[in-house]
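Going by the order they are written in, the chains are A, B, C and D; count residues from 1 in each one.
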Amino acid sequence: MNDALYHDALMALAKDRTHAAALPPGTGVTVDNPLCGDRVTLDGKLENGIARDLRHKVRGCALCQASAAALARVLDGKPAATAIAEAQVAVESVLAGGPAPAPWDAFAPVARHKSRHDCVKLPFSAVKSLFSGT
Amino acid sequence: MNDALYHDALMALAKDRTHAAALPPGTGVTVDNPLCGDRVTLDGKLENGIARDLRHKVRGCALCQASAAALARVLDGKPAATAIAEAQVAVESVLAGGPAPAPWDAFAPVARHKSRHDCVKLPFSAVKSLFSGT
Amino acid sequence: MTLRRHFPLLNRPGPRIAYLDSGATAQTPDIVLDAVRKFETHSRANVKRGVHRLAEAATEAYAKAREQVAAYLSVSADEIVFTSGCTGAINLAAHSFGTLLKPGDEIAVSELEHHSNIVPWHMLATRSGVKVNFLPIDGEGRVVVQTLSPRTKLVALAHVSNVTGAVLDVAAIVAEAKRVGARVLLDGAQRTPHGPVDIPALGVDFYAFSGHKTFAPHGVGVLWAKAELLDAMPPFLGGGEMIASVTTQGFTPAKAPAKFEAGTPPISGAIGLGAACAWLATLDWAAIAAHELRLTGRLLDGLRAVDGVTVIGPQGLQCRAPVVSFDLADAHPHDICQIMDRHGVALRGGHHCAQPLHAKFDLAGTTRASLALYCEDADIDLFFAGLAEAKRVLT
Amino acid sequence: MTLRRHFPLLNRPGPRIAYLDSGATAQTPDIVLDAVRKFETHSRANVKRGVHRLAEAATEAYAKAREQVAAYLSVSADEIVFTSGCTGAINLAAHSFGTLLKPGDEIAVSELEHHSNIVPWHMLATRSGVKVNFLPIDGEGRVVVQTLSPRTKLVALAHVSNVTGAVLDVAAIVAEAKRVGARVLLDGAQRTPHGPVDIPALGVDFYAFSGHKTFAPHGVGVLWAKAELLDAMPPFLGGGEMIASVTTQGFTPAKAPAKFEAGTPPISGAIGLGAACAWLATLDWAAIAAHELRLTGRLLDGLRAVDGVTVIGPQGLQCRAPVVSFDLADAHPHDICQIMDRHGVALRGGHHCAQPLHAKFDLAGTTRASLALYCEDADIDLFFAGLAEAKRVLT
């Protein structure tokens, strides 16, 4: 793992548009980090517990973008509850300086930058809020 | 002049009861220094510009007592305006570290203690207030 | 005791300084000076929002300070609000908690309070029609725990009196406050210099104290309050960092503790206070308390033996902090302090920002000796040498 | 320029720190650190009322600091109120001057204000029914001086914007304020680091600023106000030292400035700020201003040459302080700052506590470089090296 935060794997995630969409206001759920102005909007649905049609819109930094893309990627088409739990474990490990499977290993250099942890975590708040009604 | 503040000449002034009196409330004028709690009550009258019957009551420190006694001593029986002005010049000189005639020379060591200057000056506020109506 | 060696001012070459004015401002140890200097020369920056390395280091140091202070009080760090001082902390409570009160509600303080725990409540009374009641004190300068009016919403009392040294009977006050459903605020300004405080064990709702009396820099203090109260209370000061969002129409406050820390906080002061608390937490407080009490005993015994001296406060050592105030015949406290100063003894004379207490004892002022962990027998020796001279000259 | 050598943090061994975040907190020179250290190790005590030698020395040092600050602003020392910071100063004005206002009275601020000069007025509006109006800003981020409503009682504006760097047209504002009989408060937080301020020549009524942005410690600030206003205004915070007398029935405030300095003030901070002002007053400000402006010109020219960069603020150097904020295509300011940090460049990204301004420009945030007297060409070189890298990675 490179020490530079913005290494290629991370920037590739940040620029990954697979699940990105121009979600109009009122779609899905929106969460904010007032401290840095990041804002994540996330939409999608559950079919028999399987996450489908995940789409995100991020007004935020590259770390937040990358985290939203990674989350959409590992969730889409998977049993939501388990997949979210696994992703959560992975991201907490990697931010604490521990190991994590791909794509979360891309966030390893963020561990040293406490002030940026919330950027990575914001999409997790969004997904929990999106699926909390179910 | 001794460096000790409370040398004999000063304490003699502080303990000089010549013009001291138990002035009942409402007599003369009273001035306060809220910072240190000193309070001076001064009474007396003017006869053709001559100060007469000067009496003081001081609830305050030795410096304030001494200053009140010195002031009563140099004023009593003298033309008030000139005597007050002379005393004022003397006390300002001595507090600035300069020379002064007796009895004000007793205050020379106070010059170094700025926090105590107001103690010496309080009786001057009282006398000016007492005779200001005239 | 060897704690004195940590305090550079007390170890300057030259005649000994018997610093018996710790109740006004305590001296500060190397460890605090070094923590502040390290911040200023290695990680000085503004906190929060910054992502460069200095800002990250400053933010972490500030967060760590909050943890260190919280640990000293056995509370959670997000219940710690950094303020400008104990006075700032009590004013915050008076404004923010005060706006939750209604006309006719009552607040109880006592006759022995420091002006900083009286005037903010007088001001609240004027603003909002709340009534301020004064619990009486007894002849030894202790708060008398009385039946509270059922309209009492807050009881705000000094944990330790800065004049009499009396330690409040917190359990009795908390029990009576609970009975009427009132909150309890303790002014801990004179308590925190004498060891860690177990706030949960006290069962109070607010706790306020000052950095500079707790061996830390001036310009910083702490208000601790229960999370539920911090959540319920509106902010006091407005500005940067205490908001979630601002428009031309209004603003939404941030969550506590940020909500109560408007503008750039006293960063270096907080770091110094954190270092002080962390250091204090390592000390042997059973030994220090015994030492402080023994010296207090020497003061009380020695003063009792001086003709014309009256000690204002508890005559014994029970429930007593090392603060001793006295009256010497007709001598003015400033004269006593001035003469003592020539002997290298630092005392304080006057009303000690407690005029109602002095009015109660019919005195304009008293002379106060207040000790801290660095005081030694030699300081008490100098005190009595100076006092003999003061008595000779002044009476 | 050789001023950089006075700043220990900037002279640490290791790679250069291009500190371009002085608008958030400026670095502090040896002379300030030494003044504070000297206080802590030679005359630490509480101020006022104390007559022992340490208390006398502390009181004198604190009084001298007030004189030094007053001299820096060309005003009288008893019009200087020490506060906890610029935010504390504006809150003081909002409360104390605010209580003199009546429902229906109006206050004018602008869209470019720092939250510390918006939220206190929003809060006052909620408390007392005063209305807050926002003067618009133009495309270059300058306040547009408009006809004021005749009900305007106060105009509160940044002397220098912390985002756009625009220097306010004070003469035009003061003329318009005079016309309607309004007072003028300047938020000088971003102005005082760039040389002495001649307040009488400005003709304003209040002036607020922070120590930590003026090379001094955190936790101290200043509110200057005309003596007649200080006399007319009721106190804000209650506590020790701000009273003439206290009883169980109420209190009588002391005279200004003591009336506004409740509790133990930030003594060491004030002494540090005094030392900073005294040092700044000795410098060649014509040369420094030219130097700061030349570096600002390099920033503006260089940024103009970068594809996708928009500078938010005046494009030229006229009436401009060395604060430059910009937007780079879609890149998030925090990402830019983080990459710049790897090049040793300290910048700040975000809304800079000026959300209404950013809303006006339809941006969530900007990236800001803010200079001070210790900046050099090498810092600007590093800035552009870092920016090229940020652009390459992020866009």
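The rule is short, and it goes like this: a residue touches a chain if its C-beta (ideal position, glycine included) is under 8 Å from a C-beta of that chain, and two chains touch if they have at least 3 such contacts.
Only a predicted model underlies this, so the values are computations on that prediction, with no experimental measurement involved.
**Q** So which chains are sitting against chain B and chain D at once?
**A** C
**Q** CA centre of chain B versus CA centre of chain C: separation in Å?
**A** Roughly 38 Å separates the two chain centres.
**Q** Provide the C-alpha centroid distance between chain A and chain B, rounded to the nearest whole angstrom.
**A** 80
**Q** Find the geometric centre of each of chain A and chain C from their Cα atoms only, then give the gap between the two centres in Å, rounded to an integer.
**A** The computed centroid separation for chain A versus chain C comes out at 47 Å.
**Q** Quick check: what residues of chain A touch more than one other chain, meaning two or more?
**A** Answer for chain A, listing residues that touch two or more other chains: 36, 113, 116.
**Q** Listing for chain C: what residues touch at least two other chains?
**A** 49-51, 55, 243, 245, 334, 338, 350
**Q** In graph terms, with chains as vertices and touches as edges, which category applies: line, ring, star, complete, or other?
**A** Looks like something else, not a line, ring, star or complete graph.
**Q** Following the definition at the start, I'd like every touching pair of chains, please.
**A** Touching chain pairs, listed by label, come out as A-C, A-D, B-C, B-D, C-D.
**Q** So in the complex, the part of chain B that touches chain C is made up of which residues?
**A** 4-6, 11, 36-39, 59-64, 113, 116, 119
**Q** For a test of understanding, state which residues of chain D touch chain C in their complex under the given definition.
**A** 8-9, 12, 17, 19, 21, 24-25, 27-28, 33, 37, 40-42, 44-46, 49-55, 84-88, 90-91, 94, 111, 114-116, 118-123, 132, 134, 210, 212, 217-220, 235, 237-243, 245-248, 250-251, 262-269, 334, 337-338, 340-341, 345-350, 353, 355-356, 359
**Q** Once bound in the complex, which stretches of chain D touch chain B?
**A** Residue positions touching the partner: 48-51, 55-56, 59-60, 243-245, 254.
**Q** Which residues of chain A touch chain C once you look at their complex with the stated criterion?
**A** 34-36, 113-116
**Q** Which part of chain C faces chain B closely enough to touch in the complex?
**A** 332-335, 338-339, 342, 350-351, 364-365, 393-394
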